[in-house]
Amino acid sequence: MSADLDVDVDVGKLVEPDRVHRSIYTDPTIFQLEMERIFEHTWIYVGHDSQVPDPGDYYATVIGRQPVIMFRHTDTKVKVLYNRCAHKGAMLVGDTCGNVQQFSCGYHGWCYDTDGSLKSIPLEKGYDGTRFDRNDPQSSMRSVARVGSYRGFVFASLSPDGPELREWLVGVDASIDNLADRAPAGELEITGGVLRYMHDSNWKLFVENLNDLMHPMKVHQSSSMTARTTAKKMLSKDAPVPAAIEILAPFSGGYSFFDTMGLHAFDYGHSYSGGKVSIHSAYSDIPDYVEAMESAYGPERTQDIFSENRHNTIFYPSLTIKGAIQSIRVVRPIAVDRTLIESWTFRLKGAPDALLQRSILYCNLVNSSANLVGPEDYEAYLRQQHGLSSQGSDWVLMHRNFGQERDLDNGERAANGTSDLAFRNQYLAWKNYMTATIS
Amino acid sequence: MRADQPNNGPSLRSVEKFLFYEARLLDQGRLEEWGQLFTDDGIYWVPATVDQPDPIHHVSLMYDDKLLRAVRIRRFADKQAIPLQPLPRGVHLVSNIEIDNYSSSSRECIISSSFIVLQYQRDKQAVFGGCYTHTLRWDDERFAIKQKKAELANCEAAHENIHIIL
Amino acid sequence: MRADQPNNGPSLRSVEKFLFYEARLLDQGRLEEWGQLFTDDGIYWVPATVDQPDPIHHVSLMYDDKLLRAVRIRRFADKQAIPLQPLPRGVHLVSNIEIDNYSSSSRECIISSSFIVLQYQRDKQAVFGGCYTHTLRWDDERFAIKQKKAELANCEAAHENIHIIL
Amino acid sequence: MSADLDVDVDVGKLVEPDRVHRSIYTDPTIFQLEMERIFEHTWIYVGHDSQVPDPGDYYATVIGRQPVIMFRHTDTKVKVLYNRCAHKGAMLVGDTCGNVQQFSCGYHGWCYDTDGSLKSIPLEKGYDGTRFDRNDPQSSMRSVARVGSYRGFVFASLSPDGPELREWLVGVDASIDNLADRAPAGELEITGGVLRYMHDSNWKLFVENLNDLMHPMKVHQSSSMTARTTAKKMLSKDAPVPAAIEILAPFSGGYSFFDTMGLHAFDYGHSYSGGKVSIHSAYSDIPDYVEAMESAYGPERTQDIFSENRHNTIFYPSLTIKGAIQSIRVVRPIAVDRTLIESWTFRLKGAPDALLQRSILYCNLVNSSANLVGPEDYEAYLRQQHGLSSQGSDWVLMHRNFGQERDLDNGERAANGTSDLAFRNQYLAWKNYMTATIS
Amino acid sequence: MRADQPNNGPSLRSVEKFLFYEARLLDQGRLEEWGQLFTDDGIYWVPATVDQPDPIHHVSLMYDDKLLRAVRIRRFADKQAIPLQPLPRGVHLVSNIEIDNYSSSSRECIISSSFIVLQYQRDKQAVFGGCYTHTLRWDDERFAIKQKKAELANCEAAHENIHIIL
Amino acid sequence: MSADLDVDVDVGKLVEPDRVHRSIYTDPTIFQLEMERIFEHTWIYVGHDSQVPDPGDYYATVIGRQPVIMFRHTDTKVKVLYNRCAHKGAMLVGDTCGNVQQFSCGYHGWCYDTDGSLKSIPLEKGYDGTRFDRNDPQSSMRSVARVGSYRGFVFASLSPDGPELREWLVGVDASIDNLADRAPAGELEITGGVLRYMHDSNWKLFVENLNDLMHPMKVHQSSSMTARTTAKKMLSKDAPVPAAIEILAPFSGGYSFFDTMGLHAFDYGHSYSGGKVSIHSAYSDIPDYVEAMESAYGPERTQDIFSENRHNTIFYPSLTIKGAIQSIRVVRPIAVDRTLIESWTFRLKGAPDALLQRSILYCNLVNSSANLVGPEDYEAYLRQQHGLSSQGSDWVLMHRNFGQERDLDNGERAANGTSDLAFRNQYLAWKNYMTATIS
């Protein structure tokens, strides 16, 4: 299988400051290592606590290769447990979400409280006098090593080691803030369902692409220009620009437009593009929204919030946020060449319904597997995934504006929008994660 | 059960003919003609969840008004559209066709049917199936589509590309 | 070939309507109503081998009399039924419908048709297809199913779960 | 792939007396080792000789990963040969069963007698003066190393080493006896076709489940209770209990009912549950059957035979028998997470037809992939298979009534029905098989 | 759109009946009877590419005149035909049936329809789908097939065996 | 996976002079080595230059596991480039064939000339001052190491080492000559589409079969005899023999017929069967063709050309030619048990249309996945592929007429048609390729 890589070779050699080796996208052994050393180690986005509003609500998902359950134990506490019965290992829920009074295993009926603690075992006396100890934590549903939450975004780490969540979030926490602050009530609610898009390509290709501002002009030229010209042809000159066109047109906004957006990179592989300007910054106003914001925050703070128009923020490796449009995409790697992308939408509490409608429209147009924009990106990944099996060259190039980034405080680095800074930053983190247990 | 030819309404046979004609336009890639089957306010909708009540507050796989339908159609002729190289093809089978309702005032009828659609591109064939609900306007001579809703059996699945029009 | 409307018998159209109605009940999960389509001695049968002569001396994938059909139907409403979480769904296409025989004495007709059924649960879609043979009792107004036999093309395959009613 | 296991580590460490490591269910390397050291080594059930009643009849199947043919050479001899042409390796039959005068390879026409010996080669003189030796056993269809048969049950071992079949069967041979003895004529005939149920789960999960008497109350509550309540509702009080209800109702018979059934374990991983009592023991009498039995065996012996109501007997690892209902299930592992289960039914020679009808009904209700009971068990395996990929805990627990089994003669051990004795016994054998070539 | 019963021509219903009858012969393995449905110069054609103009200068998946059709049919009865052990089976669904053209001079009609065919052998089920074009000769009583063209959605795919007649 | 083979064991031990070990057909590790040491090393057939007649025409395919593009740069030069963008590795074309003015990457718009050289990069100034060097060959589309062409047949080698194409072709070049010479104009044109037949079996089984003249009498007995008897029954005695029967009947032509055809083997694993006689030699004349040939070549040379009736020529490992019927089959291995076979047809320039029609008919009947002959061969491979997983014997026998071949000049060896010479010759080459990097 792993014809390209001797496992004993230092995986660190696959990453140079301005390029990476093609095998990191194609080698199944690297993928398994990534699951172990990245996804089953660092902070991974599990879900938003508005998915489990009531006590007993649960949401089942995976972290790396491992099934977990996020659920609301009491009104205030969200927990993340392994979806695994302590007895013989059966998953405790088979459905994706629901509400339970307790977790009752479907196989032999062991019952656990919603904090995971063992409650009852049928015929428990059969364990008397054996090595089985009902007070051993292994006899309960195990909690993952660490759970953290920031404004409703729940992250979990399967490893007891590593930075605290708040430390890990430095720099990109502001993207969550800006998203949540856009709600007059300061709170978010996941709503409107999920689009699940299966990609036969490596997860890193998706993650790289988000802050790759050189790609829209080419990849999305077709959907964006077709939308522009079709609208021009169909609509009278003074008709208002439809929301769909406001959404699609900026994807072919010109290189200097994208370059101006800028890029910011942080420790742990995080980054965001955009800032004052983004593909979302020219959307038309929605009636009553500004009013609601101003009455909640006052005009100045409202102005501050709206002036921040980040494009994509990447919480490396598993979460990406588009704050200005209240949409997130979650990265679930399945195999070296298979990745599930989930798109979720937020309602801004206290905001007019029209904002949600715009987010839904955006999500349909951009993230659906049956629509215009998403399949263009996916086609780029597919062509990469296959092209990278060629030995025409062993390297994937990330030189753009190398050495021209500006160092800011707290490990932040900034660059022009079309810099490859975000890529280089991701592979710096990747290398750190992947070689941590070797060194 | 339902009347095959409601008062003054279209016959079941004329409805079948129309749905088969629509299927044929799609199979043959005559998408411009397909687009013209719709009323000006016509909608083409593929929900993303079962019994989805609403395309406004919930994501959909496709939800096209006239403008977006036109964009979708034109893109099939755009050489720059890399996901459409080579052009995907489809076959549409429509069956279990019934007239569920006809309003002689609005002259609209609701048609339910079942479908299987095969999509083919680059050695991959995908099988889609589900239920159509067509809302058709009838003017004694021809039909126009006010809404075409295609509810996939697997609408909630993790989909790879759905290139073709269902 | 066959007469479309045998003497005093049901019309082909009425048969189509009935089969489409049955399909719709199954697609919409209206299983209680589906159960009521059967006669008291009605049988639902999915053989496990080709041209299986007999459900008594040979195993079947399903062979339900009234009682077992009722059990099967009620289980879809049972929250304890772990294989049915979440509920599997199906789409039934019926085609090639013909009246093979009608006996004006017993008032029974034999209907043959072909079907494709998609089953969906937990990201998995399965494609089933085969031939239906419905034995229907006709009372001038409505049909009742005396036997529904669904012969799968792949009845002998090593199957994973067939959750839904075919 | 084998991220969980270093092949060089002693696989024996994965098995402790009262628990086993989750990787034995999920690691592809372990699976390959199991094929080599268990399935392609010990006695594996091939088929029943009534499947090949006439000379020339054959039945093609697999042992582990290897295609074999069971066939009737003469009226008395059943042989098991590799389904492989000596020439260039083509399988000699492509169909599952049939009747042949000789085996004629479809590729180049080499012909073999029904004892496997080479009969003719087209243009055989082409081999003159070459290393090819038509008398070398390799130039014929090879027989598997050992074939044994007990009352028509044909077993084969691909290894020349190991215990004789009769020694290997000690303790569970009585289950075959009881099944065959239930025929007034003392003989069985496979009939009524086969149900083939594909499981996306490890083979051991299926095998464990059979003598896991803690599971029916929970897993089968749905089908069993639904059957009970539906029947209650639909049938008048004094109506006779339909056979289907007699079959389904005992699955939710109560913990003490299952506990009373008891468990018996033997060397080589074998076990049976039930005995005097089982889920089959309360079936109503079938007219004329007792009469036929008594006239064949006399009343006392008949009474003896009927008093033995074993539930499941496991001939570890490949055969499981339900004697009281004349049904067997055969385990064919395909991959670490894929297992084919075949269900076969026997006719008791000399017994009324109604017995066969009950067996067929039982098989439909319990073993069909499209029915009530089987999918409940399968769902439990599926949840285990996925849950076991979680590192929430590394162990699968088998402590129940540990140390409370009673030692009887000949390596037999007995316990209450809800003991985990059968599991522990299976993994004792598993460990012996798997470490035999290492030590 | 098209007339359902062109002047003196066959009715749509009679065409449906014929296509369903043909499908049934194939499903039941009555291949000799199927062969007899063709005219002496009848052709059975499965093109290997989309809109293939010509079976003479371009390869086809199948292109059978009377002789080759007879060979194909007889091989299903030949015990020496190793790829046909055990016999593959098929199910044919025909839908979207329309009479595209009828010439009252040549008495030929062109029938278009859509199909889904399942092929089963040795635990493998394959799904094929596409469009049929039947050229039928009509003599007021019965049809004969002058050409049956089956255009597969995935005709250009890398195929494993297509054993059965589509 | 590789349970049968320790990778460190010399793969050479798997090949003996008269037999080969079954694992070479079933072991995934062997397959990966084959891709590396054979398909990504030696001369592989890419396509015929008539597929890209005009400047800018391209044809995309794979060599081993690697996507490549054959295209016409100028009117005279055909090039073979890796289908991989120098930037981030995306394939440059997604379609199989077409015409381009330049290669413009669909992802970020890097443009390459039709000789592969880098033309333009959007916002190229972003690379100023970085390690990126636009003149580095790695910054352009890379050409494969070597390209060679013989009478329009384009071969490529991904390795700079090894014999020149003409040297490698010695002996089988004459088969290409005879094919091309059959055109009065001396030139070929690929036409009439391609049949793509997917085989779930190892590529070597297909390659062996082509010059295995012991197989048609058995494998093709069904199609050939059915064709004969059906024709006899349906046609009047004095009717002309239809072309389809001329094609199908010789497949059951008798052992001595096939033996007489003869076999010729050459270095590098090449071989051909037939010569003066083959299954094609008794086809009826096509009106005007001989005339066209004679007016092009004169009667004597024409006679020479027609007297050469080679059956299959194997350009080991990837190309097989049937010159007399103007048809080739191309071998594209996909996995150890999966192989794509493409069948292409040539038009002989200057010859009557009827020749093409016969070639097309031949291709339909013999090479289609939906027809008579091809599925018979494929069934043989399938039975081998499964039979070889049995340990009934470890060896595949190739002893026929061992030691009886005649040595001719230039490494050529000749034998009777039913000799296993072609197999032995293939595995001699296989062993050389596979052990070259070890020794």
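In order of appearance the chains are A, B, C, D, E and F, and numbering begins at 1 in each one.
Rule of thumb we're sticking to: a residue touches a chain if its C-beta (ideal position, glycine included) is under 8 Å from a C-beta of that chain, and two chains touch if they have at least 3 such contacts.
A quick note: this is a predicted structure, and the numbers were derived from the prediction, not measured.
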- line: Sorted by label, the chains bordering both chain A and chain F are B, D
Message: Shortest hop count from chain A to chain E along touching chains?
response: 2
- prompt: So which has more C-beta pairs touching, D-E or E-F?
  reply: E-F
Query: Most remote chain relative to chain D, going by C-alpha centroids?
result: B
Message: Quick check for the class: compute each chain's Cα centroid; which one is farthest from the centroid of chain A?
response: E
Distance from chain E to chain B - Cα centre to Cα centre, in angstrom: 27
- line: Rounded to the nearest Å, the gap between Cα centres of chain A and chain B is 33
Statement: Distance in whole angstrom between the CA centres of chain A and chain C is 45
Message: Can you list every residue of chain B that touches 2 or more other chains, as numbers and ranges?
response: 82, 93, 95, 116, 127, 157-158
- prompt: What positions in chain D touch 2 or more of the other chains?
  reply: 1, 94, 106, 219, 379-380, 383
- request: Classify the chain contact graph as line, ring, star, complete or other.
  value: other
- request: If two chains touch, include that pair; go through all of them.
  value: A-B, A-C, A-D, A-F, B-C, B-E, B-F, C-D, C-E, D-E, D-F, E-F
- request: Using the touch definition up top, name the residues of chain E that touch chain B in the complex.
  value: 1-2, 4, 50, 93, 95-98, 112, 114-116, 127, 129-131, 153-154, 157-158
Query: Within the complex, which stretch of chain A touches chain C?
result: 94-96, 106
Query: Which of the residues in chain C end up touching chain B in this complex?
result: 13, 17-18, 20-21, 23-24, 27, 89-95, 116, 118-120, 123, 125, 127
- prompt: Considering the complex alone, what residue numbers of chain F touch chain A?
  reply: 1, 28, 32, 35-36, 40, 65-68, 81-92, 94, 105-109, 122-123, 126-127, 129-132, 138, 141-142, 158
Message: Using the touch definition from the top, list the residues of chain F that touch chain D in their complex.
response: 1, 3, 18, 22, 25, 212, 214-215, 217-219, 255, 259, 379-380, 383-384, 386-393, 395-397, 399-404, 418-419
